[in-house]
Structures are given as structure tokens and as C-alpha cells.
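Some structures are shown below for you to check.
Each of the two complexes below includes chain A, the first together with chain B, the second together with chain C.
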Partner chain A sequence: MTTSTVVKAESEQAPPRPARRRARDRLGPPWFFVVPALLVYAAIVLYPSVSGIVYAFTDWSGLGDWSFVGLKNFDTLFHDEQALGALKNTLLLTVAIVVVQNAIGLALALGVHTRIKSRILLRAVFFAPVVVSPVMVAFLWKYVYNPAPDAGLNGLLGAIGLDSLRQDWLGNPSLALWSVAFMVIWQHAGYSMVIFLAGLEGVPADLHEAATIDGAGRFSRFRYITWPLLAPATTINLMLSTIGGLKLFDQIFAATNGGPGYATETLSTVLYKQAFVFGRFGYSTAVALVLALFVAAVSLVQIRYLRAREDQT
Partner chain B sequence: MTAISNGLSRAQFLRMVGGLAAGAGAAGVLAACGDGGSSGDGSATLTVVGVADEKAPLDLLTKAYTDSGAKVTFKTSYAPTDQVQTSVRTQLNGGNAPDIHVLYPGSGSAMSTGEIGKTPGLLADLSGQSWTSLIPANLKSSYSYDGKVHLFSSGLTVIGVIYNKSVFAGANVQIPKTYDEFLTACDTLKKAGKVPLALGAQTPWVTQLITYAFVASNVYRDTPDFDDQMLAGKATFLDSGWKQSMTEYMDLRDRGYFNDNPNGTTLEQSTAMVANGQAAMAVQVAPLLPAFRDAAKNKDDISMFPFPSADTADKVYTWGGANVGIGVHEKSKNKEAALKFIEFLGQQENINKWCEAVAGIPIKRDASSKVDPALESFLPLLDGGRVAPVGQRWPNAEVQPTHFSVIQELLGKKTTVDDALKKMDEVYKKDA
Partner chain C sequence: MNRYRPRTFALELLMVAVGVAFLFPVYALITLSLKNADQIASSPLGLPRPPTLHNYSEAWSAASLGGALLSSTLVTVLSLVLLIAIGSCAAYFLARTRSRLGYGMYVLFLLGIVLPFQLGMIPLYNLFSRLDLIGSYQSIIVFYSGIQLPFTIFLYTGFIRALPSEYASAALVDGASHWQAYTRIVFPLLRPITGTVLILNAVFIWNDFFTPLLYLAGSDHETVPVRIFAFVGQYVSDYGLVFAGLVLGAIPILVVFLVLQRYVIKGFASGLKG
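Coming up: the complex of A and B.
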């Protein structure tokens, strides 16, 4: 196909990477410029984080003395029904958020990457929820999800004759997790949109022109030009939304506090409650450590796969 | 950089930034030195951190204390319970806790007397203060850890039924004295188009109130030492009156006496329902009476009666426990000044003022005590010992949140009463 030939030809013309690296070395600032920032980062982030790991092997309550308990906290964690339920919820939420948020983000980016007059306004409108505090978003959506038949979303459904779709959005244990997922997607779809938009800006217009001359339709141009060249933006979006989904806390804490029952409990809410509500800092640190390792592992696998995809294009 | 190219040299710029940073740092250090310190004239600045419920009485009584000539300046701050639990526990561990801080009665929550008292050197001993002799015998354990009084709490609070008098009058319903009468009243109100019982179970702590209201009669009337039996491993939730209590709770759900979707309804929404007459009653704690009154068009419409969870009126017990209070940090540099303030709060006149501000019932009443008229029907039960402080002696801080969660699951029909109680028994046996 012509389009793929064009893409390949351009990549062949790219300068070899070592030369690029050498040029960067000559022009870049000296390496020791990073030392002050690194020291601050080490003191504020690395040292507390690494020293905190020790507590994962203790019975510390958050107050007073503690003693080592070996791997007991990890043994408890892998037999803890509540934590395993929270892990399942976390994974379901993450998959829903990664897939739907990025699909909507891409659709919005394609929509506002046109010549329509209101595109600047629309970009601002779609991005606006991103700048609102997650806790504020949760409180706002608690109003939207009011279970009263004449309030919020239920009121809207009633007004357009869809009374049968009225729900107890946050109170129904079977529905609450998806209501939370929708709330998070609503807030962050604009963020994905901006990253995809940046990717779209980098797609050369002449490729589209050439493909159009060759008779490629709109879908073919997206499939063979836009989508492959959006690979870096896709990598970033998938990485960020996966990490965000796995760490999700604020919106859940403010909207449902993990309830009803344990229906929206995630690993982050479990570790918060274990530490600050139940006074089990040792166990909570073990949960945090497992979560951090899990996020790191998922991110590494994801980035290797997506980078490989980028190299193929 | 524009600023540099316009006549400001790199060295000048760095000196300026450094100077600003040093200035900011020095200001911070000076401000920190000013916190909670003592001045040369013998006066002290006492830092006080409380929960929002304590703002009204503490604002009133700290002012009264300074007006009385005490050489003390107060630096008070208030926050929701979650935030206080996080910040004050961290400060206690870090050695920079406020001189006086919120403390919950009994054990079983992260900021409770029993939980903080377990770690030596955090809570000052108040046992020698004269007001401690006023603490009712059945509440001593709520104020103490290991035999020492650590909690100052001015009085008791109760769980009962907050109701709208106009709705009752409109449906021609009288205050029920027995459980049968209560069910009849709910039925009549439902037929009159009113929600008999507003329940805002999305607010987790609200979920426990109906269980506690039942348990006071179903468990503690015949087994007053139930907590001791549980702690000794001789009793379980599943094989006790808790089962009957939760079954009756869910029976109210099945009869349709709650508002639709209680799990999706917040405390504020349920309060509004009673206040505006959409609902007739809500099982609630007495300190929320002012909130219901504030939400009602006519404050006099709102009143309260004991939850009638027995076949005959004379068998009704009420949940009654010490109200949230304060403790003194043992390592405070201003410990003596803080203890003097607690002694001041313990004077009968000030106990009365605190209770009036929170619709509480003083630990000891005198002629000048003004109990909220809505709570007068509780006084015979309290004076007659028909009171149970359910939930103030849990062995760890997970039992109570587990209770919240299983009630939400029961309301959502995701579990059974037996499974819910088994889960609570499992959590009860966990290490503290």
C-alpha cells in the first residue's frame, strides 16, 4: 500500500540515533546540574519511601514501639478477602478507565482537530474537568447521582421519558463501581484528548494529502497514517491512565468511601483505612508496597510492548 | 532569562532568591517557636485540635476561661473526624501533638481513649481532678484506660428517634411506647403517604444507629456484661441478641418503612426529609437535633423519643454513651496549663454549658442544668440505669467500620444476617 511505503521511506531517512545522541551530549547542560534537584528528590521522596518499606515487615500501629513480624503482613494480605476483593475492583476500574477514557479522548481529539470554528472553545470545555480537584468532582457527581427520582441524572432521565433507567447510582452495590468509573472517565477524558491532540499536530499533512490523491478514504487514512503515528501519544495515554486507575483514591474516598459495603473498595482505599482508620500501619505499608510493585510491573510490561509497537511504525 | 539580561547579574539573582528562601525559612521557624510556647510573663499558648462537633462548646468555654482572667491564649482548630484521626495520630507519633486534642470515649476507633491510651506517655492522667467523681459507674471504662481517667467528656449522648411533630399530628400518630406500637405508627404513616423512617446509609456511621438502638434492649437488658463476655471469648455476635436486632432492622427494610435507596441517600438528605415533612422519623444521635431544627421551617416541629425496642415500655433500654471529648498530651510543654483548663471545664456550670451547646445530658445534673426538652423522655431511662453504651469497648478499630459495611451490604441485599455477623465475629477476633 502506498501510504505504508511513504511512512517507511520517511523513517529510513531519519538520522541514525547515535549521531542524535552525540549532538545532544554536546549541546545539553552538564550532568551535575541535576544534582541539586536529585538531592531534594532523594531527601523528600526516595529516603522516606525506602525507609518506609521496613514497616511492611513490622506490626507498627502508627504509635509507639513495633517489632518485626517477618512476612506475616504479606501472608495476611494474600489471604485477606477484603484486599483481594479490592484488587479485583481496582483491576476492573483500571480496565474500564483505560479503554473508555482513551477511546473517548481519541474521539474528542479527532473531533476538535478539525477546522470547525468553535474548536478552541470545545478544547477548553472538554479539558475543563481536568483542572477541577478530584474531591470537588466527586461531590459534584454525588449530586448528579442523587437517587431521588426528580434529582440529578434520574431527574433528567425522567424528563426525557426514560423513567425505567432511573437508578440508585452510588447506592446499588452492583452499579456503584461503574458509576465511579464513569465519573473518573468524565474528568480525565479531556486529559487524554490533549495528549492525542499533541500527537495529531505532529502528523504531517502531506501524508494525508498523498493518501487522498491515492484514493484513500477517511477511515483508511486514520487506519494507516494517523493511528500508527499516534503510537507515542497512545503509549503515554495508556501508561498514565493505567497508573491513575491502579492508584485511584480521591474520587472514591469522597464519593463512596469504598461502599456500599465493599463494592467500590480499591487497594488505595484499603491501605488508607488499614493505616489511618484501623491503626495497622505495618499491614498498610505491606499493601502499599505490593501496590507499588504491581503498578511498576504493569507499567514496565506495558511500556515494553508499546515501545515495540512504536518501533514497528 | 529576561530579568538577568535586563541588568540583574546571575550572582545578584541567586543572592536575591537565596535571601527570599532564607527569609521564608526564618519566618517559619519563628512562627513554629511561637506555637504552643510559654512567654516570660507566665502566660501560655494552648493549642487545641478538635472535631467540628466540639467547635461550639470549645469556642464558648475557651473564651469564658480567658475572660475569667486565666493567663492563657488559645489557638484552636477544628476538622472532620477523618482528618483529625490522620493528623493528630501523626503528630502524637512525631512528638509535636497539640496540647489538647479530641478524644473519643472507650476503645475501638483510632482516636479513642483505649487506642491512644495503649501507648504509654501520650495521654495525661486526669484521675486526680475533682470532676472525675461525677462519672457514672457504668461509663468509667469509657473515660479510662488501665484504671486511669484520660478523657474529659461533659456528658452523655443518646440514640433515639428524631421526629416531626406536624407529620405525626397530620397522620394522627402518637409517640409509640412499645415496638408493636412503633410498627403500627410506621404503617399508619406509610398509608398517609409519608416515609416512616428516613435513612441516610450512604454516610457510613449512620448505618449503625438502628442496630445499636435495637441491641441496647435485645442484648444489654438481659446481658449487661455482654462486652466482658465478648472480650473473654465466651460470646459471639452470631449467637446473641445481635442476630435478632439485625433481623428486625432488615424487617423494617422489607416492610418498606425506609426511604427508597437508603444506600444512595446521605445523612444531609435524610435530615432534610424529616425537616421538610417528607419523612416522619429518623433514628439518630441527640447532637444532631440542632441540625434537624435548622433544616426545619418551624424548629418546634422537631423533637425526640427513645427507640421503643421492647414489648413493654418498662423494658425499653436506650443506647447512651459518653460524648466525644478531649484529652491532654502527656508530653506537652504546657501540660499544667492544659490540666488547669480541664479542671475549669469540669466545674458543674461549665459541664452544663458544654452540654447545652451540643444537646448533651450532663454527667451530673444540678438545679441549673438545662436539658434539651426533646431529651427529657430519656432521663428516666438514664437515671434508672436502662442504658447501654454499645460499641464503646471494641477490641480493635476494625469492628465498627465492618459493621457499617455489612449493614450497607444487607440493605443492598448482598449478604445475609448470619454472614454479616460471622464477618463481624471474625474481625472482632483480630489483633488490636
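Coming up: the complex of A and C.
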């Protein structure tokens, strides 16, 4: 905000520059402060990303010559059953993660943000998986999802008398995607929880007391006081989980590698395989570009809508 | 609301039950890592009787975790130093400049937050391989410093904008150079946000898997997740051994988390306010 007004003021005033402003400019840091960061950023992010965008329109195979092929890669992508399936899986996985992870995160936050004695311990327990490497979590869950009837989750279900619910969690093509989603949710629900907790700590206690005196029930206190005040936390959580869901790679790579068949293939795993297994680098960067556009579009839409919602409340 | 009532007790029981159910995978992880193959086959979910540490000693040497821990530590620490040095300086300039060009640069840096790294993944790999840096620490350290810059600059710039500029101005008027004013006055004032930047980036870099797999797999510099990935691939059906490896690989960061719990949770909860 401040920046845009400053920019406007500058264009109105210049030229000639008032002496006072020049004196203040000298007190601002010189440009060489930004140069090292700019160089590293250009080498690691800007140059490779721009090349990536260019390669998306070529038939580059990683070696030797390449030529521009126009929109052919995108045409292939949108007519390729496998790529379209991966696109669908990416969206389904993202929706499942966003909805369930945030619902669980909110429920945990509400449960922990009370007088219960175990709240500090439980907060640490629910958050701990967040700091562990996703690859390791995926290997752990690969065992939990073991198809053997007496091991892992199946063993647990058997032990509590729910034998009929035993499944081949990662081997059943119609179930595997949801099993992957659940594993991701298990790891990151604590992340949503701490962001909601930070939001809950900002809800003034006297508002609740006043509403209680006025006869508001538990539910209406949540609906009309807590929930609107959680808007900023909800914004952050929805954005983080959406972007995380769209980009998800490590967990799938380690747990199913896209299988069984193509049941858990997503844009990330397809672009990886096209590049490093099939050597179709041009096509792979085209898939990456589609993923990038999704992430960018979702971020922009969410920033707009959720900002508007925050302003209303 | 403020007293411990029967209702609170009921909630306590419910939440503890949820916590116990939540920990089921961890229970499986730890008990399996303490069993030998016979015990795993006969009673996969029972308690280890008697528990054995054999898997741990074998996993430690079979996965060469000592070297991997050293690599991970080196990569994480050096990346953080470089990232914080260049990121905070750049943010200081971007937060204080009033030029259009400076604002344009800031927007350019923020663009990096939405760009998935996969877009530039292959061209960047080629760049490092032309420079003959694949398999070196330099490649991955420069990679992290660049890829985490947008987020780091975003956090620092927001913080610096809310910081009064008079401290640095006073030092400049007293004859300090810009560099002195920055290192002696401004940077120490950034401590709270530096803590957040440090925690979020440290967890990301320590756990990151795919880029170190591309750059470092097969070299002597493999980080913990890459090493564990190779190790699990090799001993896939030996659950006791694999799980001992997973426990050993996860312990360092879990210990750091438990010791610095308050700061880590605060960092994660506060660092992302847009």
C-alpha cells in the first residue's frame, strides 16, 4: 500500500527533485545491498524458469538439437489419457487434502484451545510429524498400509473387531489415491492446527463472555464470533494446503510411485517420469508449465476472494 | 469457560484418545524397529519381547547415516547462512527504496513464491552439470539460497517496513557507512524475524528430498532423506532394519523440535501471515 502511494508521489514531483527528498534518499540503503540476492535469484529461479517456459514449446530431448513445435506438447497433454488422468488425480487429491486437513486442523485447534491439562503435550504430538521428512513419513505409512491382514492398519482394525474394513490400501486402484491423501493429511493436520490456534488466541475472551451473558449457545458463539475472526488463519491455511496439494511429489514418489497402474499419478510424477524416464524434456516442461499456471491461478483467486471475505468481517 | 468441569474432563478424555490413535503409526514404527525378523512375523503389532537394539546398530552402518547426518548439517547450515545474508540485505534495500525499479524488483522476487521449482528443474540441472557441479555441496547450497529467497525476502521486507528507519539514519548522520549501519544497527533489530526465517527454512532444507536426490545421489555428499531413500530401497522387506533407519533419520530434527518447541510452533504459526 505505502509503496504505491510513494511511487505516485514521486511521479508527480519529479522533475525537479526537491532537495529534501534527495537528502533522505542518501539515508536509504544503496543498491549494492540487493545485488547478490538478485544474481543468485536470476541464476537459480529466473533463468531456469524462463528456459523452462521456452522448452515447453520445443521437442527437446535433453541432448543435441531441438526445434520449436508450437503448441504440440500441450495438444499431446490434453489428448493423453494418462496425463488427463494425472490432472484429475492432482485436483481430486488437492480438494481432499484442503477440505479434510483444514477441518481436522480446526477441530484439533478447538480441542486444544481449552482448559484441558494435556493441551501442551497434545499440541506437540499433533505438530511433530510436520517437521519430519515427507519421504520418511511415506515409508512409515507404506507399512501402515500393508495388505497383510495382521500388520499395520489392517492388524489394528482386526484387533478392535473391524475385520470387515481391512483393505489393500495402496494396492486397490480405487482406494490408493485416498490412502495417499490421508497420509498427507496425517502429516500436515498439525500445521493447520497451529495456524488456527494462533487465530484463536486472537479472539478476545470478553466477546465470548458477553455473548454467553446474552444467552448465545456454544454453536452460535462459534458461528458469529470465533469463525469470522478466524478469517485470516483460514486464508493462510487454504492457500498453504492448496499449493502444497498441487505440488505434492515426495510422498507419492516414495509410497506408490504413481501406481498401482496410473491410479496415483499426478502432474508432478508425470513430469518427473517424462523427463527422467522417457527423456521427453520438452513435453515434461510443458506439464510443469501447466502445473505452474494452476498454482499461480489458484493463489491469485484465493488471495482475492479471501481478502474480500476478511474485509467484510 | 474458566474452570475444569466434568465437561472439560470428557473433552480431555476424547482428545487424549484422538492423540493415541494419531500416534498409532509411531507405535508401529518404534515397536517394529525393536523386534527381530521372527517376532515381526509372529506378532507384527505386539510389544517386542525381548526388545533388541540389533536393528539400530546394523541400520546405522548399513545406511552410513553418520556421513549423511554430517552432509545434511553442512548443507543446512551453509545454505541458511548464505540465504539470510543475501536475503536480509536485499530486503533492507527493497523495504526502504522509493524507486519504481526497486518496487519492480520486489514484485519479481515475490513471483518466485508461486513458481513451482519443477518449471526450472531441468534447465537448472543442465546448468549445474555444464559447470561440473553436480554431486558437489556448492550446487545444492546455492540452489537452496536461490529457491528460498522469495519467501525469505517476503518475510524480511514486511518486518523491515514496520521498523522505524530513524535508528539507521541516526548512525548515518553520526558518520557510519551504510554497511556499518546495517550490520551493527539494523540486522540485530531483525532478530525476531531472523528466528522465524531460520526455523522455517531449516525444516524445509533438512527434509527436502527431490533436488538432493537429483544433485547428490550416488556421491559422498548424500543428505539424510536421500540416504534413507536408497537404504529403504535396498532392504525393503526387512521392516525391523528399515524402521530402525527411519527412527535414526528422524531423531535429530525431532529432538531439535522438542527442545525448541515453543519457537518452532510460533515460527510456523506466525511466519506466513500475508
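The rule we apply is simple: the second predicted complex is superposed on the first by the 271 of 313 C-alpha atoms of A that agree within 3 Å, B and C clash if a C-alpha of one lies under 4 Å from a C-alpha of the other, contacts with A are read in each partner's own complex, and residues count from 1 in each chain.
The definition used in the following text is that contacts are C-beta pairs under 8 Å (C-beta built on N, C-alpha and C of every residue); 3 or more make two chains touch, one makes a residue touch a chain.
Because the structure is predicted, anything quoted here is derived from the model rather than measured.
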**Item:** Partner chain(s) touched by A:172 [first = chain B, second = chain C, both, neither]
**Value:** first
**Message:** On the A-aligned overlay, A:211 touches which partner chain: chain B = first, chain C = second, or both, or neither?
**Reply:** neither
**Message:** In the overlaid three-chain picture, which partner chain does A:62 touch, first (chain B) or second (chain C), both, or neither?
**Reply:** both
**Request:** May I ask you to decide whether A:191 touches chain B, chain C, both, or neither, giving the answer as first, second, both or neither?
**Result:** second
**chain A residues touched by each partner, larger count belonging to chain B or chain C** = C
**Request:** Using the superposition on chain A described above, determine whether A:284 touches chain B (first), chain C (second), both, or neither.
**Result:** second
**Asked** Once the complexes are superposed, what residues of chain A are shared between the chain B interface and the chain C interface?
**Response** 62, 148
**Asked** Hey, which residues of chain A end up touching chain B in the complex?
**Response** 59, 61-64, 142, 145-149, 168-173, 256-263, 273, 276-279
**Message:** For a test of understanding, state which residues of chain C touch chain A in their complex under the given definition.
**Reply:** 1-4, 8, 11-12, 14-16, 18-19, 22-25, 28-29, 32, 44-45, 85-87, 89-90, 92-94, 96-100, 102-103, 105-106, 108-109, 112-116, 118-124, 126-127, 142-143, 145-147, 149-150, 153, 161, 165, 168-169, 172, 178, 182, 203, 206-207, 209-210, 224-225, 228-229, 232, 239, 242-243, 246, 249-250, 253-254, 256-258, 261, 264-265, 268-270, 272-274
**Complete:** Interface with chain C, chain A side, in the complex: residues 2-3, 6-7, 10, 25-31, 33-34, 36-38, 40-41, 43-49, 51-53, 55, 62, 108, 111-112, 114-119, 121-128, 130-136, 139-141, 143-144, 148, 150-153, 155-156, 159, 186, 191, 194-195, 197-198, 205, 208-209, 212, 232, 235-236, 239-240, 243, 246-247, 249-250, 253-254, 268, 271-272, 275, 281, 284-285, 288-289, 291-292, 295-296, 299, 303
**Prompt:** Along chain B, where are the residues that touch chain A in the complex?
**Reply:** 82, 85-86, 89-90, 92-93, 110, 115-116, 118-120, 122, 201-202, 204, 260-266, 269, 396-398, 401, 404-406, 408-409, 411-412, 414-415, 431-432
